[in-house]
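What follows is a single structure, and I will ask about it in a moment.
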Amino acid sequence: MFPKNAWYVACTPDEIEHKPLGRKICGEPVVFYRGPEGAIAALEDFCPHRGAPLSLGRVIDGKLVCGYHGLEMGCDGKTIAMPGQRVRGFPPIRRYPAVERHGFVWVWPGDPAQADPAKIHALHWAQDPAWAYGGGLYHIACDYRLMIDNLMDLTHETYVHADSIGQKEIDEAAPTTRVEGDEVITSRFMDNISAPPFWKMALRSNHLPDDQPVDRWQICHFTPPSHVMIEVGVALAGKGGYHAAAEHKASSIVVDFITPETETSIWYFWGMARNFKPDDPALTAAIREGQGKIFSEDLEMLERQQRNLLQWPGRNLLKLNIDAGGVQSRRVLERVLAAEQGAAAGGRDVAPEAAA
Amino acid sequence: MFPKNAWYVACTPDEIEHKPLGRKICGEPVVFYRGPEGAIAALEDFCPHRGAPLSLGRVIDGKLVCGYHGLEMGCDGKTIAMPGQRVRGFPPIRRYPAVERHGFVWVWPGDPAQADPAKIHALHWAQDPAWAYGGGLYHIACDYRLMIDNLMDLTHETYVHADSIGQKEIDEAAPTTRVEGDEVITSRFMDNISAPPFWKMALRSNHLPDDQPVDRWQICHFTPPSHVMIEVGVALAGKGGYHAAAEHKASSIVVDFITPETETSIWYFWGMARNFKPDDPALTAAIREGQGKIFSEDLEMLERQQRNLLQWPGRNLLKLNIDAGGVQSRRVLERVLAAEQGAAAGGRDVAPEAAA
Amino acid sequence: MFPKNAWYVACTPDEIEHKPLGRKICGEPVVFYRGPEGAIAALEDFCPHRGAPLSLGRVIDGKLVCGYHGLEMGCDGKTIAMPGQRVRGFPPIRRYPAVERHGFVWVWPGDPAQADPAKIHALHWAQDPAWAYGGGLYHIACDYRLMIDNLMDLTHETYVHADSIGQKEIDEAAPTTRVEGDEVITSRFMDNISAPPFWKMALRSNHLPDDQPVDRWQICHFTPPSHVMIEVGVALAGKGGYHAAAEHKASSIVVDFITPETETSIWYFWGMARNFKPDDPALTAAIREGQGKIFSEDLEMLERQQRNLLQWPGRNLLKLNIDAGGVQSRRVLERVLAAEQGAAAGGRDVAPEAAA
């Protein structure tokens, strides 16, 4: 159960640089490529001729040419041409609204009529030269909501990431969770503690001492369908913490886009945006490598948790105060899903398929 | 859905040279081996004692000895002996008519009473010293009819095999298809073109110039259950093309035996018979290697096409004029299957199982 | 179908030396570890907080700490503590009776109220300094009863283990089978034969000549749920065979504990206990290596037999006199299972789940 009328991150531009990309999104096999003038195109990955996946083909002059018998597909899902054939009667295939923005390719798997690019999640740092971004992609065999739970309850850092970003004080500082419309915010503040290894490095990168007490914060923002942005940072103790002046702190945003592949698997786009030393690509690479290693520690836990839940489908899980972020996020999702299904049941002039 | 009352290629003789071979054919696990006097035997791969696969055993003096407890099986499916046991009451296992011919081992998975070796596909070149043959075997996860489609519409060469046998002129020459009884023939003639790399090599092997225009042909012959023989060749332009005298052309027969393993997987026996330089084993090896590489380019396409069709089971595929060969072949198959099922429904004195 | 009210071997102590072990036993995912004072603990491998497998956690001071969010689990299945939480209302998870004895960890997957450690299979040699033991573990994809059949009919040695312990005389000596209560005993005596390679080595290790005729015996003891102990040995011919004085013979006990993982897979604990040269660890290692190699020869046969039986589910297998050991063992199992199900149907005050 995932919202379909929503913008999801489908891939990064480098993944479609040299050839089309086939990727299943929300249960639907889609081919992504650059059509005319380099605009992003997303279509059913199904050639109307004989059902071959179009992602095995090539892009020639903005047309997607099937790799089996040469059918030329347009970015609107209508066949343009095929050697020796009249193609006017060929059935169209479904197109998906897709947009390149903020360094990502976004796709809308639901009703195209509702796909307003203005609804794409705003990333203020993506166009700001004071910020730098690095990230990666993991495929994980778990329900997308398990990853939301994971990210909205960072107490797991103490146990899963004990050697890097975890520390006992996370456990000891109770988080607070609030809901603002469709956004869920879980905050945790740890004052006057010793910085863990990752943040010592960040302090040094920011020309700050790494051996002094700090105030640390983690502010997780969930927004539907499945984006989790986490403001994280440390300030030298007593300088105002989260609100300290820039010269006293090191901070960044952990970026998490969780795109369902199926009911029990996800494409997990993770990364970090930082507003210090933005012009240091070596630092970007180092952070990316470190974050990739840390985030990979979650994979086995999430996949094994998923298998356990499938083994015991009827069992209720606990909803503790530390789980409030995940619990509230699921409530928002239930509301979004109910609204989507209600709208669908209420009838529309244009069904998704017909509009493709 | 595949005909069962038909001769299929099961394996090549080298596969049973040193030990029995277990192979699933049309959904049935079969063990192949050489019985008394070297004759081919084919039985259910199931020891009547405890169900062990007989293909894990050994052949001793023409008897198939089970590798678990030593039961000795005869090539008629009746137990011959077992250490310390009287075997007269042992239940027989099913035997399959099997014959070695034309360099292949053939099996009849259906009603043994109808298995007439005279119906085995004739291969005139197999006994002719003016011809040489080389080939191989691929396992592919697709419906056998997708491979028939593939071979009866060679326009795919332009796209799938762009670097070897494909060329734009294939697309431009419309094929013609005719049906003669149960045989479907799709022909394509390309006159006055430049020979692609494979045929330049063949021309040189035939002591012909490789830099002159040629007339090229492809004549695909489908016969049930799933054999596709393709006459291919080039002649120096203007010498009569397909009908040119031998000294002006290079030609061969692409040999394709497609044996269903299950509804969605096949054993694909591919090869090439040529009537030039038959005594040059190095050339045979070189052609075999080149053909193996080219034919391997189809594997991913066919397997991904199969997965797409399973994903969208209700969707109709197009039947264009280039698809006529495959479409007509499927019609022949439907007729053969209907006849087979009609005969089965009409009653027989001897059911396949009882006759085993 | 396997008895649940029975003691099964779950693992060996070395497998839980450094971290918890997750292992599915009789269809149930269980975590094994050493709790307070080193006592064996066995629990459902399911954290009551969010369903993570506890086996991914760590043992700290005898408490099992979940590797996801730090819940501390007690060996009774009740949560002891969790950072920042009151845990009194947390639902307990199921505990399984588990005991370390005879060098193995034993588990009782059924009703805990009936789990009497006195019922654990007695291994007289395990505490006797005159004996040495070495063994290993295989995972095999077959019904546990196929392995019982295998071990209760050693005629397969002639075929599966032709190069080591097999010899033609096994086939030629008819076994006799008797049932004593729940125990099934199949005996085979081969008098005045040449010792096969393994036993020549054992004779030499025992300072006995290896080039003289011997009397050989194999006495297989099945006891439910799935233990098979096989007394094996040779004595110099004419000295009394199985009853010969110790100085004329070499003997040992083949130890087989077969623990169902699922209906079609097992954990197979194999080994050998010997009462000669018990203080020679190099000999223990050599025998272990040899036995491991021999027993691995059964794996493919058993897995392929299982697949055959799934392919032909309705087919009856033969029950020959050589199969009497397995046939009688299955009868004992049917009786045990019927009694277990009858007792369950008859009602109990405490259901297994409630008692956990």
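Going by the order they are written in, the chains are A, B and C; count residues from 1 in each one.
Note that in this section a contact is a pair of C-beta atoms (placed from the backbone, for glycine too) under 8 Å apart; a residue touches a chain by one contact, two chains touch by 3 or more.
Since the structure is predicted, the reported quantities are computational estimates derived from the model, not experimental observations.
Taking the definition of touch as given, a chain qualifies here only if it contacts chain A and chain B alike; those chains are C. In the Cα superposition of chain A onto chain C, the rotation angle, rounded to steps of 5, is 120 degrees.
For the pair chain B and chain C, the fraction of shared interface numbers is less than half, so the two copies use mostly different residues to meet. Chain B and chain C have Cα centroids lying 48 Å from one another. Chain contact summary for the complex, chain B toward chain C: residues 29, 45-46, 48-53, 56-57, 65-70, 82-85, 90-91. Listed in rising order, the residues of chain A touching chain C in the complex are 149, 153, 155-156, 158-160, 171-172, 174, 300-301, 304-305, 308-309, 311-312, 315, 317-318, 320-323.
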